[in-house]
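Comments concern the structure below.
Letters A, B, C and D mark the chains as written, and numbering starts fresh at 1 in each.
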Amino acid sequence: MTPKTLDPALEAHVRERFTRQHAMLSMGASLSYLAPGEARIEMPFNPNFTQQDGFIHAGVITTIVDSACGYAAFTLIPTDQRILTVEFKVNFMSPARGEKFIATGKVIKVGRTLTVCSGEVQSLENGERKLIALMQATMIAVK
Amino acid sequence: MTPKTLDPALEAHVRERFTRQHAMLSMGASLSYLAPGEARIEMPFNPNFTQQDGFIHAGVITTIVDSACGYAAFTLIPTDQRILTVEFKVNFMSPARGEKFIATGKVIKVGRTLTVCSGEVQSLENGERKLIALMQATMIAVK
Amino acid sequence: MTPKTLDPALEAHVRERFTRQHAMLSMGASLSYLAPGEARIEMPFNPNFTQQDGFIHAGVITTIVDSACGYAAFTLIPTDQRILTVEFKVNFMSPARGEKFIATGKVIKVGRTLTVCSGEVQSLENGERKLIALMQATMIAVK
Amino acid sequence: MTPKTLDPALEAHVRERFTRQHAMLSMGASLSYLAPGEARIEMPFNPNFTQQDGFIHAGVITTIVDSACGYAAFTLIPTDQRILTVEFKVNFMSPARGEKFIATGKVIKVGRTLTVCSGEVQSLENGERKLIALMQATMIAVK
(Lines give C-alpha, C1' and ligand atoms only; values in the text may rest on other atoms or scores of the structure.)
Protein backbone atom coordinates (compact mmCIF):
# COMPACT_ATOMS: atom_id res chain seq x y z
CA MET A 1 0.00 0.00 0.00
CA THR A 2 1.12 3.53 -0.68
CA PRO A 3 1.83 5.56 2.45
CA LYS A 4 -0.53 8.40 3.34
CA THR A 5 2.06 11.14 3.61
CA LEU A 6 4.84 12.13 1.32
CA ASP A 7 8.50 11.83 2.27
CA PRO A 8 9.67 15.43 3.03
CA ALA A 9 12.67 15.17 0.66
CA LEU A 10 10.38 14.04 -2.15
CA GLU A 11 7.91 16.81 -1.37
CA ALA A 12 10.74 19.36 -1.55
CA HIS A 13 11.85 17.84 -4.87
CA VAL A 14 8.35 18.09 -6.33
CA ARG A 15 7.85 21.63 -5.05
CA GLU A 16 11.17 22.71 -6.49
CA ARG A 17 10.07 21.34 -9.88
CA PHE A 18 6.79 23.24 -9.60
CA THR A 19 8.61 26.58 -9.27
CA ARG A 20 10.10 25.90 -12.72
CA GLN A 21 6.65 25.71 -14.33
CA HIS A 22 6.45 29.27 -15.62
CA ALA A 23 2.97 28.58 -17.00
CA MET A 24 1.72 27.91 -13.45
CA LEU A 25 3.32 31.09 -12.11
CA SER A 26 1.98 33.23 -14.98
CA MET A 27 -1.52 31.92 -14.34
CA GLY A 28 -1.19 32.55 -10.59
CA ALA A 29 -1.56 28.84 -9.77
CA SER A 30 -0.05 27.27 -6.67
CA LEU A 31 0.53 23.73 -5.45
CA SER A 32 -1.68 23.50 -2.38
CA TYR A 33 -1.55 19.81 -1.48
CA LEU A 34 0.64 16.80 -2.16
CA ALA A 35 0.31 13.19 -1.06
CA PRO A 36 1.55 9.96 -2.60
CA GLY A 37 -0.32 9.69 -5.91
CA GLU A 38 -2.26 12.89 -5.40
CA ALA A 39 -1.74 16.60 -6.04
CA ARG A 40 -3.87 19.70 -5.82
CA ILE A 41 -3.33 22.98 -7.64
CA GLU A 42 -5.33 26.12 -6.96
CA MET A 43 -5.77 29.17 -9.13
CA PRO A 44 -7.68 32.32 -8.21
CA PHE A 45 -9.89 33.85 -10.89
CA ASN A 46 -7.66 35.79 -13.24
CA PRO A 47 -9.14 38.18 -15.84
CA ASN A 48 -6.06 37.69 -18.04
CA PHE A 49 -7.05 34.11 -18.79
CA THR A 50 -10.69 34.36 -19.76
CA GLN A 51 -12.40 33.36 -22.98
CA GLN A 52 -14.88 35.61 -24.79
CA ASP A 53 -17.70 35.28 -22.23
CA GLY A 54 -15.55 36.16 -19.22
CA PHE A 55 -15.11 32.60 -17.94
CA ILE A 56 -11.66 31.09 -17.46
CA HIS A 57 -10.61 29.51 -20.78
CA ALA A 58 -11.17 25.73 -20.99
CA GLY A 59 -7.51 25.36 -21.97
CA VAL A 60 -6.38 27.14 -18.81
CA ILE A 61 -8.59 24.93 -16.65
CA THR A 62 -6.99 22.03 -18.52
CA THR A 63 -3.52 23.39 -17.79
CA ILE A 64 -3.99 23.31 -14.02
CA VAL A 65 -5.61 19.87 -13.92
CA ASP A 66 -2.98 18.45 -16.32
CA SER A 67 -0.30 19.75 -13.96
CA ALA A 68 -2.14 18.29 -10.95
CA CYS A 69 -2.23 14.88 -12.66
CA GLY A 70 1.42 15.20 -13.65
CA TYR A 71 2.54 15.98 -10.10
CA ALA A 72 0.36 13.19 -8.72
CA ALA A 73 2.25 10.78 -11.02
CA PHE A 74 5.55 12.43 -10.20
CA THR A 75 5.23 11.49 -6.49
CA LEU A 76 5.27 7.78 -7.40
CA ILE A 77 8.26 7.50 -9.75
CA PRO A 78 12.03 7.34 -9.09
CA THR A 79 13.46 10.85 -8.53
CA ASP A 80 15.77 10.60 -11.56
CA GLN A 81 12.74 10.32 -13.86
CA ARG A 82 10.28 12.92 -15.00
CA ILE A 83 6.69 12.86 -16.21
CA LEU A 84 5.39 13.92 -19.60
CA THR A 85 1.77 14.01 -20.70
CA VAL A 86 1.00 11.43 -23.40
CA GLU A 87 -2.62 12.48 -23.82
CA PHE A 88 -5.70 13.52 -21.91
CA LYS A 89 -9.41 13.95 -22.34
CA VAL A 90 -11.40 16.58 -20.49
CA ASN A 91 -15.14 17.14 -20.13
CA PHE A 92 -16.29 20.63 -19.24
CA MET A 93 -19.50 20.49 -17.25
CA SER A 94 -20.02 24.11 -16.25
CA PRO A 95 -18.53 27.47 -17.18
CA ALA A 96 -15.41 28.29 -15.15
CA ARG A 97 -16.60 31.21 -13.09
CA GLY A 98 -16.09 32.01 -9.44
CA GLU A 99 -13.33 33.19 -7.13
CA LYS A 100 -11.09 30.15 -7.27
CA PHE A 101 -10.47 26.90 -9.16
CA ILE A 102 -9.20 23.81 -7.41
CA ALA A 103 -7.71 21.07 -9.57
CA THR A 104 -7.07 17.63 -8.07
CA GLY A 105 -5.11 14.90 -9.83
CA LYS A 106 -5.03 11.29 -8.65
CA VAL A 107 -3.09 8.31 -9.92
CA ILE A 108 -5.38 5.43 -10.84
CA LYS A 109 -2.80 2.96 -12.11
CA VAL A 110 0.99 3.04 -12.25
CA GLY A 111 2.34 0.79 -14.98
CA ARG A 112 5.89 0.01 -16.00
CA THR A 113 5.89 2.81 -18.57
CA LEU A 114 2.52 4.52 -18.44
CA THR A 115 0.52 5.98 -15.58
CA VAL A 116 -3.22 6.58 -15.79
CA CYS A 117 -4.60 9.53 -13.81
CA SER A 118 -7.99 10.94 -13.06
CA GLY A 119 -8.43 14.65 -12.47
CA GLU A 120 -11.16 17.09 -11.64
CA VAL A 121 -11.59 20.81 -11.23
CA GLN A 122 -13.97 22.43 -8.81
CA SER A 123 -14.93 26.06 -8.81
CA LEU A 124 -15.54 28.03 -5.66
CA GLU A 125 -18.21 30.66 -6.21
CA ASN A 126 -19.81 32.56 -3.34
CA GLY A 127 -18.61 29.86 -0.97
CA GLU A 128 -20.09 27.01 -3.03
CA ARG A 129 -18.05 24.29 -4.65
CA LYS A 130 -19.03 22.90 -8.02
CA LEU A 131 -17.47 20.24 -10.21
CA ILE A 132 -16.70 21.98 -13.51
CA ALA A 133 -14.26 19.69 -15.34
CA LEU A 134 -13.29 16.01 -15.39
CA MET A 135 -10.04 14.65 -16.85
CA GLN A 136 -8.73 11.22 -17.73
CA ALA A 137 -5.04 11.28 -18.60
CA THR A 138 -2.11 9.08 -19.60
CA MET A 139 1.36 10.06 -18.40
CA ILE A 140 4.74 8.60 -19.28
CA ALA A 141 7.80 8.44 -17.05
CA VAL A 142 11.02 9.23 -18.91
CA LYS A 143 14.65 9.50 -17.80
CA MET B 1 -20.97 22.52 -50.22
CA THR B 2 -19.43 25.07 -47.93
CA PRO B 3 -17.94 28.07 -49.72
CA LYS B 4 -14.16 28.47 -49.70
CA THR B 5 -14.03 31.99 -48.34
CA LEU B 6 -15.70 33.55 -45.39
CA ASP B 7 -18.26 36.31 -45.67
CA PRO B 8 -16.43 39.54 -44.62
CA ALA B 9 -19.11 40.51 -42.09
CA LEU B 10 -18.86 37.09 -40.49
CA GLU B 11 -15.07 37.29 -40.46
CA ALA B 12 -15.26 40.67 -38.71
CA HIS B 13 -17.72 39.20 -36.20
CA VAL B 14 -15.38 36.27 -35.44
CA ARG B 15 -12.33 38.52 -35.18
CA GLU B 16 -14.15 40.86 -32.83
CA ARG B 17 -14.96 37.88 -30.61
CA PHE B 18 -11.33 36.82 -30.66
CA THR B 19 -10.19 40.14 -29.21
CA ARG B 20 -12.33 39.36 -26.16
CA GLN B 21 -10.37 36.18 -25.44
CA HIS B 22 -7.99 37.57 -22.84
CA ALA B 23 -6.31 34.17 -22.55
CA MET B 24 -5.27 34.38 -26.21
CA LEU B 25 -3.90 37.90 -25.77
CA SER B 26 -2.01 37.01 -22.58
CA MET B 27 -0.38 34.07 -24.34
CA GLY B 28 0.51 36.22 -27.35
CA ALA B 29 -1.67 34.16 -29.69
CA SER B 30 -3.24 35.60 -32.83
CA LEU B 31 -5.88 34.45 -35.30
CA SER B 32 -3.95 34.07 -38.54
CA TYR B 33 -6.45 32.39 -40.86
CA LEU B 34 -10.19 31.90 -41.11
CA ALA B 35 -12.27 30.02 -43.66
CA PRO B 36 -15.68 28.36 -43.41
CA GLY B 37 -15.19 25.52 -40.94
CA GLU B 38 -11.52 26.24 -40.38
CA ALA B 39 -9.41 28.50 -38.16
CA ARG B 40 -5.72 28.89 -37.46
CA ILE B 41 -4.14 30.42 -34.37
CA GLU B 42 -0.44 31.13 -34.03
CA MET B 43 1.59 31.67 -30.90
CA PRO B 44 5.29 32.54 -30.76
CA PHE B 45 7.39 30.77 -28.15
CA ASN B 46 6.77 32.47 -24.83
CA PRO B 47 8.99 31.73 -21.79
CA ASN B 48 6.11 32.69 -19.49
CA PHE B 49 4.15 29.61 -20.50
CA THR B 50 6.65 26.78 -20.20
CA GLN B 51 6.54 23.67 -18.07
CA GLN B 52 9.51 22.49 -15.98
CA ASP B 53 11.68 21.41 -18.91
CA GLY B 54 11.39 24.67 -20.82
CA PHE B 55 8.82 23.44 -23.38
CA ILE B 56 5.47 25.18 -23.79
CA HIS B 57 3.02 23.62 -21.31
CA ALA B 58 0.73 20.94 -22.81
CA GLY B 59 -2.24 22.87 -21.40
CA VAL B 60 -1.20 26.02 -23.26
CA ILE B 61 -0.82 24.10 -26.52
CA THR B 62 -4.29 22.75 -25.75
CA THR B 63 -5.60 26.28 -25.21
CA ILE B 64 -4.64 27.47 -28.68
CA VAL B 65 -5.91 24.39 -30.51
CA ASP B 66 -9.15 24.39 -28.49
CA SER B 67 -9.66 28.01 -29.55
CA ALA B 68 -8.85 27.13 -33.17
CA CYS B 69 -11.49 24.38 -33.10
CA GLY B 70 -13.96 26.70 -31.40
CA TYR B 71 -13.55 29.42 -34.04
CA ALA B 72 -13.73 26.86 -36.84
CA ALA B 73 -17.13 25.81 -35.46
CA PHE B 74 -18.11 29.44 -34.89
CA THR B 75 -17.86 30.20 -38.63
CA LEU B 76 -20.66 27.71 -39.36
CA ILE B 77 -23.35 28.66 -36.84
CA PRO B 78 -25.95 31.45 -36.80
CA THR B 79 -24.39 34.72 -35.56
CA ASP B 80 -26.73 34.92 -32.54
CA GLN B 81 -25.26 31.70 -31.18
CA ARG B 82 -21.94 30.99 -29.53
CA ILE B 83 -19.73 27.96 -29.14
CA LEU B 84 -18.71 26.26 -25.91
CA THR B 85 -16.35 23.32 -25.57
CA VAL B 86 -18.12 20.16 -24.39
CA GLU B 87 -14.97 18.06 -24.25
CA PHE B 88 -11.76 17.30 -26.07
CA LYS B 89 -8.98 14.77 -26.21
CA VAL B 90 -5.42 15.69 -27.10
CA ASN B 91 -2.38 13.56 -27.90
CA PHE B 92 1.03 15.15 -27.44
CA MET B 93 3.50 13.65 -29.86
CA SER B 94 6.59 15.80 -29.34
CA PRO B 95 7.74 18.40 -26.83
CA ALA B 96 6.51 21.91 -27.69
CA ARG B 97 9.76 23.62 -28.54
CA GLY B 98 10.65 25.96 -31.35
CA GLU B 99 9.99 29.54 -32.40
CA LYS B 100 6.31 29.30 -33.13
CA PHE B 101 3.26 27.07 -32.70
CA ILE B 102 0.54 26.89 -35.32
CA ALA B 103 -2.81 25.43 -34.25
CA THR B 104 -5.36 24.52 -36.91
CA GLY B 105 -8.95 23.56 -36.13
CA LYS B 106 -11.33 22.03 -38.68
CA VAL B 107 -14.97 21.12 -38.45
CA ILE B 108 -15.58 17.46 -39.27
CA LYS B 109 -19.32 17.32 -38.67
CA VAL B 110 -21.92 19.96 -37.81
CA GLY B 111 -24.92 18.46 -36.08
CA ARG B 112 -28.11 20.07 -34.85
CA THR B 113 -26.62 20.61 -31.40
CA LEU B 114 -23.09 19.28 -31.41
CA THR B 115 -20.16 19.93 -33.72
CA VAL B 116 -17.19 17.57 -33.98
CA CYS B 117 -13.81 19.14 -34.74
CA SER B 118 -10.34 17.91 -35.46
CA GLY B 119 -7.33 20.00 -34.50
CA GLU B 120 -3.59 19.85 -34.73
CA VAL B 121 -0.61 21.87 -33.61
CA GLN B 122 2.61 22.15 -35.53
CA SER B 123 5.82 23.60 -34.18
CA LEU B 124 8.20 25.64 -36.27
CA GLU B 125 11.78 25.05 -35.17
CA ASN B 126 14.75 26.24 -37.23
CA GLY B 127 12.46 26.50 -40.23
CA GLU B 128 11.10 22.96 -39.89
CA ARG B 129 7.49 22.13 -39.20
CA LYS B 130 6.58 19.22 -36.97
CA LEU B 131 3.23 17.86 -35.84
CA ILE B 132 3.31 18.03 -32.05
CA ALA B 133 -0.32 17.64 -30.93
CA LEU B 134 -3.56 16.17 -32.25
CA MET B 135 -7.04 17.04 -30.91
CA GLN B 136 -10.51 15.60 -31.33
CA ALA B 137 -13.17 17.85 -29.84
CA THR B 138 -16.91 18.20 -29.32
CA MET B 139 -18.40 21.69 -29.33
CA ILE B 140 -21.92 22.84 -28.55
CA ALA B 141 -23.75 25.81 -30.03
CA VAL B 142 -25.75 27.76 -27.45
CA LYS B 143 -27.85 30.91 -27.64
CA MET C 1 -30.47 14.15 -3.63
CA THR C 2 -31.01 11.11 -5.78
CA PRO C 3 -32.73 8.22 -4.02
CA LYS C 4 -30.71 5.09 -3.30
CA THR C 5 -33.02 2.59 -4.92
CA LEU C 6 -34.69 2.59 -8.27
CA ASP C 7 -38.43 2.82 -8.72
CA PRO C 8 -39.57 -0.73 -9.68
CA ALA C 9 -41.48 0.47 -12.75
CA LEU C 10 -38.40 2.32 -13.98
CA GLU C 11 -36.22 -0.71 -13.29
CA ALA C 12 -38.60 -2.89 -15.34
CA HIS C 13 -38.51 -0.29 -18.13
CA VAL C 14 -34.69 -0.27 -18.19
CA ARG C 15 -34.48 -4.07 -18.05
CA GLU C 16 -36.95 -4.38 -20.90
CA ARG C 17 -34.77 -2.05 -22.97
CA PHE C 18 -31.72 -4.15 -22.14
CA THR C 19 -33.29 -7.27 -23.63
CA ARG C 20 -33.43 -5.42 -26.95
CA GLN C 21 -29.66 -4.95 -27.00
CA HIS C 22 -28.74 -7.88 -29.22
CA ALA C 23 -25.06 -7.01 -28.89
CA MET C 24 -25.28 -7.62 -25.12
CA LEU C 25 -27.05 -10.94 -25.59
CA SER C 26 -24.59 -12.11 -28.29
CA MET C 27 -21.69 -11.31 -25.99
CA GLY C 28 -23.34 -13.10 -23.08
CA ALA C 29 -23.54 -9.92 -21.02
CA SER C 30 -26.20 -9.36 -18.37
CA LEU C 31 -27.42 -6.38 -16.37
CA SER C 32 -26.54 -7.31 -12.80
CA TYR C 33 -27.24 -4.14 -10.85
CA LEU C 34 -29.21 -0.94 -11.26
CA ALA C 35 -29.55 2.07 -8.99
CA PRO C 36 -30.33 5.72 -9.72
CA GLY C 37 -27.39 6.94 -11.80
CA GLU C 38 -25.58 3.61 -11.71
CA ALA C 39 -25.58 0.36 -13.68
CA ARG C 40 -23.47 -2.77 -13.71
CA ILE C 41 -23.08 -5.22 -16.56
CA GLU C 42 -21.29 -8.54 -16.26
CA MET C 43 -19.87 -10.73 -19.00
CA PRO C 44 -18.23 -14.12 -18.50
CA PHE C 45 -15.08 -14.82 -20.51
CA ASN C 46 -16.15 -15.72 -24.02
CA PRO C 47 -13.64 -17.21 -26.52
CA ASN C 48 -15.71 -15.84 -29.40
CA PHE C 49 -14.76 -12.29 -28.49
CA THR C 50 -11.01 -12.43 -28.07
CA GLN C 51 -8.28 -10.54 -29.91
CA GLN C 52 -5.16 -12.25 -31.28
CA ASP C 53 -3.54 -12.95 -27.90
CA GLY C 54 -6.58 -14.64 -26.40
CA PHE C 55 -7.71 -11.67 -24.27
CA ILE C 56 -11.17 -10.17 -24.65
CA HIS C 57 -11.02 -7.51 -27.38
CA ALA C 58 -10.67 -3.93 -26.12
CA GLY C 59 -13.71 -3.02 -28.21
CA VAL C 60 -15.83 -5.66 -26.48
CA ILE C 61 -14.73 -4.42 -23.06
CA THR C 62 -15.70 -0.99 -24.33
CA THR C 63 -19.10 -2.28 -25.43
CA ILE C 64 -20.08 -3.47 -21.97
CA VAL C 65 -18.84 -0.37 -20.14
CA ASP C 66 -20.46 1.93 -22.74
CA SER C 67 -23.75 0.10 -22.11
CA ALA C 68 -23.26 0.37 -18.34
CA CYS C 69 -22.76 4.13 -18.66
CA GLY C 70 -25.75 4.39 -20.99
CA TYR C 71 -28.07 2.58 -18.58
CA ALA C 72 -26.74 4.61 -15.65
CA ALA C 73 -27.77 7.74 -17.55
CA PHE C 74 -31.04 6.14 -18.61
CA THR C 75 -32.18 5.79 -14.98
CA LEU C 76 -32.13 9.58 -14.56
CA ILE C 77 -34.04 10.83 -17.62
CA PRO C 78 -37.78 11.02 -18.40
CA THR C 79 -39.06 7.63 -19.61
CA ASP C 80 -40.11 9.01 -23.01
CA GLN C 81 -36.48 9.82 -23.78
CA ARG C 82 -33.59 7.58 -24.71
CA ILE C 83 -29.83 7.80 -24.41
CA LEU C 84 -27.30 7.82 -27.22
CA THR C 85 -23.52 7.86 -26.85
CA VAL C 86 -21.97 11.13 -28.05
CA GLU C 87 -18.40 10.04 -27.42
CA PHE C 88 -16.19 8.21 -24.95
CA LYS C 89 -12.56 7.72 -24.08
CA VAL C 90 -11.25 4.49 -22.60
CA ASN C 91 -7.89 3.60 -21.07
CA PHE C 92 -6.92 -0.06 -21.01
CA MET C 93 -4.71 -0.78 -18.04
CA SER C 94 -4.35 -4.57 -18.16
CA PRO C 95 -5.17 -7.32 -20.64
CA ALA C 96 -8.76 -8.54 -20.33
CA ARG C 97 -8.24 -12.06 -19.06
CA GLY C 98 -10.01 -13.98 -16.34
CA GLU C 99 -13.34 -15.66 -15.75
CA LYS C 100 -15.56 -12.62 -15.70
CA PHE C 101 -15.66 -8.90 -16.51
CA ILE C 102 -17.70 -6.47 -14.45
CA ALA C 103 -18.44 -3.08 -15.98
CA THR C 104 -19.81 -0.29 -13.78
CA GLY C 105 -21.16 2.98 -15.14
CA LYS C 106 -21.92 6.00 -12.96
CA VAL C 107 -23.41 9.36 -13.80
CA ILE C 108 -21.15 12.24 -12.78
CA LYS C 109 -23.24 15.14 -14.06
CA VAL C 110 -26.68 15.36 -15.62
CA GLY C 111 -27.06 18.46 -17.74
CA ARG C 112 -30.03 19.74 -19.69
CA THR C 113 -28.88 17.97 -22.85
CA LEU C 114 -25.69 16.11 -22.04
CA THR C 115 -24.80 13.66 -19.30
CA VAL C 116 -21.22 12.91 -18.27
CA CYS C 117 -20.49 9.40 -17.02
CA SER C 118 -17.54 7.60 -15.56
CA GLY C 119 -17.11 3.88 -16.11
CA GLU C 120 -14.73 1.13 -15.17
CA VAL C 121 -14.25 -2.55 -15.89
CA GLN C 122 -12.84 -5.03 -13.43
CA SER C 123 -11.72 -8.52 -14.28
CA LEU C 124 -12.21 -11.46 -11.96
CA GLU C 125 -9.34 -13.92 -12.32
CA ASN C 126 -8.82 -16.75 -9.84
CA GLY C 127 -10.99 -14.91 -7.37
CA GLU C 128 -9.05 -11.66 -7.64
CA ARG C 129 -10.50 -8.42 -8.92
CA LYS C 130 -8.42 -6.07 -11.01
CA LEU C 131 -9.22 -2.73 -12.62
CA ILE C 132 -8.59 -3.22 -16.34
CA ALA C 133 -10.33 -0.32 -18.08
CA LEU C 134 -11.44 3.23 -17.28
CA MET C 135 -13.99 5.21 -19.30
CA GLN C 136 -15.11 8.83 -19.43
CA ALA C 137 -18.19 9.29 -21.59
CA THR C 138 -20.67 11.88 -22.82
CA MET C 139 -24.26 10.79 -23.40
CA ILE C 140 -27.15 12.69 -24.93
CA ALA C 141 -30.83 12.31 -24.10
CA VAL C 142 -33.06 12.38 -27.17
CA LYS C 143 -36.81 11.99 -27.64
CA MET D 1 9.23 7.97 -46.70
CA THR D 2 7.05 4.94 -46.15
CA PRO D 3 6.52 2.81 -49.24
CA LYS D 4 3.07 2.72 -50.80
CA THR D 5 2.61 -1.03 -50.85
CA LEU D 6 3.13 -3.59 -48.17
CA ASP D 7 5.80 -6.27 -48.38
CA PRO D 8 3.92 -9.54 -49.23
CA ALA D 9 5.52 -11.46 -46.34
CA LEU D 10 4.46 -8.74 -43.90
CA GLU D 11 0.96 -8.69 -45.38
CA ALA D 12 0.70 -12.46 -44.89
CA HIS D 13 1.93 -12.06 -41.30
CA VAL D 14 -0.69 -9.40 -40.55
CA ARG D 15 -3.46 -11.39 -42.21
CA GLU D 16 -2.52 -14.51 -40.26
CA ARG D 17 -2.79 -12.48 -37.04
CA PHE D 18 -6.18 -11.22 -38.10
CA THR D 19 -7.58 -14.76 -38.37
CA ARG D 20 -6.79 -15.17 -34.66
CA GLN D 21 -9.07 -12.27 -33.72
CA HIS D 22 -12.15 -14.27 -32.81
CA ALA D 23 -14.03 -11.05 -32.06
CA MET D 24 -13.63 -9.98 -35.71
CA LEU D 25 -14.82 -13.34 -36.99
CA SER D 26 -17.81 -13.43 -34.63
CA MET D 27 -18.85 -9.98 -35.80
CA GLY D 28 -18.42 -10.95 -39.45
CA ALA D 29 -15.67 -8.39 -40.00
CA SER D 30 -12.95 -8.82 -42.60
CA LEU D 31 -9.66 -7.10 -43.37
CA SER D 32 -10.26 -5.54 -46.79
CA TYR D 33 -7.19 -3.36 -47.32
CA LEU D 34 -3.67 -3.06 -45.97
CA ALA D 35 -0.90 -0.59 -46.79
CA PRO D 36 2.05 0.68 -44.77
CA GLY D 37 0.49 2.56 -41.86
CA GLU D 38 -3.08 1.95 -42.99
CA ALA D 39 -5.71 -0.77 -42.61
CA ARG D 40 -9.37 -1.14 -43.49
CA ILE D 41 -11.88 -3.48 -41.89
CA GLU D 42 -15.39 -4.02 -43.22
CA MET D 43 -18.39 -5.43 -41.44
CA PRO D 44 -21.81 -6.05 -42.99
CA PHE D 45 -24.83 -5.11 -40.92
CA ASN D 46 -25.38 -7.84 -38.37
CA PRO D 47 -28.62 -7.99 -36.32
CA ASN D 48 -26.75 -9.86 -33.56
CA PHE D 49 -24.77 -6.74 -32.69
CA THR D 50 -27.39 -4.02 -32.44
CA GLN D 51 -28.28 -1.78 -29.53
CA GLN D 52 -31.89 -1.17 -28.44
CA ASP D 53 -32.88 0.95 -31.44
CA GLY D 54 -31.68 -1.52 -34.06
CA PHE D 55 -28.43 0.32 -34.91
CA ILE D 56 -25.07 -1.40 -34.58
CA HIS D 57 -23.82 -0.91 -31.01
CA ALA D 58 -21.32 1.95 -30.57
CA GLY D 59 -18.97 -0.53 -28.89
CA VAL D 60 -19.03 -2.81 -31.92
CA ILE D 61 -18.29 0.10 -34.24
CA THR D 62 -15.45 0.90 -31.85
CA THR D 63 -14.21 -2.70 -32.04
CA ILE D 64 -13.72 -2.62 -35.80
CA VAL D 65 -12.08 0.81 -35.90
CA ASP D 66 -9.84 -0.08 -32.94
CA SER D 67 -8.73 -3.17 -34.87
CA ALA D 68 -8.18 -1.10 -38.02
CA CYS D 69 -5.95 1.31 -36.06
CA GLY D 70 -4.13 -1.62 -34.44
CA TYR D 71 -3.36 -3.28 -37.77
CA ALA D 72 -2.31 0.04 -39.28
CA ALA D 73 0.26 0.35 -36.48
CA PHE D 74 1.18 -3.31 -36.81
CA THR D 75 2.40 -2.79 -40.40
CA LEU D 76 5.10 -0.38 -39.16
CA ILE D 77 6.71 -2.28 -36.29
CA PRO D 78 9.28 -5.11 -36.22
CA THR D 79 7.57 -8.48 -36.80
CA ASP D 80 8.62 -9.83 -33.38
CA GLN D 81 6.55 -7.14 -31.67
CA ARG D 82 2.82 -6.81 -31.25
CA ILE D 83 0.44 -3.92 -30.74
CA LEU D 84 -1.82 -3.31 -27.75
CA THR D 85 -4.32 -0.49 -27.37
CA VAL D 86 -3.34 1.98 -24.64
CA GLU D 87 -6.44 4.11 -25.00
CA PHE D 88 -8.78 5.63 -27.54
CA LYS D 89 -11.48 8.24 -27.86
CA VAL D 90 -14.36 7.91 -30.28
CA ASN D 91 -17.02 10.38 -31.39
CA PHE D 92 -20.25 8.96 -32.79
CA MET D 93 -21.74 11.31 -35.32
CA SER D 94 -24.63 9.32 -36.73
CA PRO D 95 -26.47 6.13 -35.83
CA ALA D 96 -24.78 3.03 -37.30
CA ARG D 97 -27.37 1.90 -39.79
CA GLY D 98 -26.98 0.68 -43.35
CA GLU D 99 -25.75 -2.38 -45.19
CA LYS D 100 -22.09 -2.16 -44.36
CA PHE D 101 -19.56 -0.38 -42.11
CA ILE D 102 -16.08 0.46 -43.31
CA ALA D 103 -13.47 1.26 -40.67
CA THR D 104 -10.18 2.83 -41.71
CA GLY D 105 -7.21 3.22 -39.38
CA LYS D 106 -4.16 5.36 -40.19
CA VAL D 107 -0.93 5.91 -38.33
CA ILE D 108 -0.30 9.57 -37.61
CA LYS D 109 2.93 9.28 -35.65
CA VAL D 110 5.17 6.34 -34.80
CA GLY D 111 7.21 6.98 -31.70
CA ARG D 112 9.81 4.82 -29.96
CA THR D 113 7.18 3.29 -27.70
CA LEU D 114 3.83 4.78 -28.59
CA THR D 115 2.01 5.12 -31.90
CA VAL D 116 -0.80 7.62 -32.45
CA CYS D 117 -3.53 6.62 -34.90
CA SER D 118 -6.56 8.24 -36.41
CA GLY D 119 -9.55 6.16 -37.39
CA GLU D 120 -12.94 6.63 -38.93
CA VAL D 121 -15.99 4.54 -39.73
CA GLN D 122 -18.24 5.13 -42.71
CA SER D 123 -21.61 3.53 -43.21
CA LEU D 124 -22.89 2.45 -46.59
CA GLU D 125 -26.66 2.88 -46.77
CA ASN D 126 -28.54 2.62 -50.06
CA GLY D 127 -25.31 3.23 -51.89
CA GLU D 128 -24.42 6.35 -49.92
CA ARG D 129 -21.38 6.68 -47.69
CA LYS D 130 -21.56 8.61 -44.48
CA LEU D 131 -18.97 9.32 -41.79
CA ILE D 132 -20.45 7.91 -38.58
CA ALA D 133 -17.53 7.66 -36.14
CA LEU D 134 -14.13 9.27 -35.58
CA MET D 135 -11.37 7.79 -33.41
CA GLN D 136 -8.09 9.05 -32.01
CA ALA D 137 -6.03 6.26 -30.45
CA THR D 138 -2.74 5.51 -28.73
CA MET D 139 -1.14 2.13 -29.33
CA ILE D 140 1.91 0.55 -27.72
CA ALA D 141 4.35 -1.89 -29.31
CA VAL D 142 5.37 -4.69 -26.96
CA LYS D 143 7.57 -7.75 -27.39
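We take it that a residue touches a chain if its C-beta (ideal position, glycine included) is under 8 Å from a C-beta of that chain, and two chains touch if they have at least 3 such contacts.
Quick caveat, the model's predicted, so the values are computed rather than measured.
Novice: Compared with chain C, which chain's mean CA position is the farthest off?
Specialist: It is B whose centre lies farthest from that of chain C.
Novice: Same or different: at the chain A/chain D interface, is the fraction of residue numbers used by both copies above or below half?
Specialist: Both copies, chain A as well as chain D, present the same residues to each other, with over half of the numbers appearing on both sides.
Novice: Report, in degrees rounded to the nearest 5, the angle of the rotation taking chain C onto chain D when the C-alpha atoms are fitted.
Specialist: 180
Novice: Measure off the straight-line distance from the CA centroid of chain C to the CA centroid of chain D, and report it in whole Å.
Specialist: Using C-alpha averages as centres, the distance is 22 Å.
Novice: Centre to centre, by mean C-alpha position, how many angstrom separate chain A and chain D?
Specialist: 34
Novice: For chain A versus chain C, what separation do you get between their C-alpha means, in angstrom?
Specialist: 28
Novice: Multi-chain contacts only, two chains or more: what residues does chain B have there?
Specialist: In chain B, 86-87, 89, 91, 138 touch at least two other chains.
Novice: What part of chain A is in contact with chain B in the complex they form?
Specialist: Of all residues in chain A, those touching chain B are 17-18, 20-23, 25-26, 47-53, 56-60, 62-64, 66-67, 82, 84-92, 95.
Novice: Please give the residue numbers of chain A that touch chain C in the complex, ascending.
Specialist: 89, 91, 93, 108-109, 111, 116, 118, 131, 134, 136, 138
Novice: Given the complex with chain C, which residues does chain B contribute to the contact?
Specialist: 86-87, 89, 113-114, 138, 140
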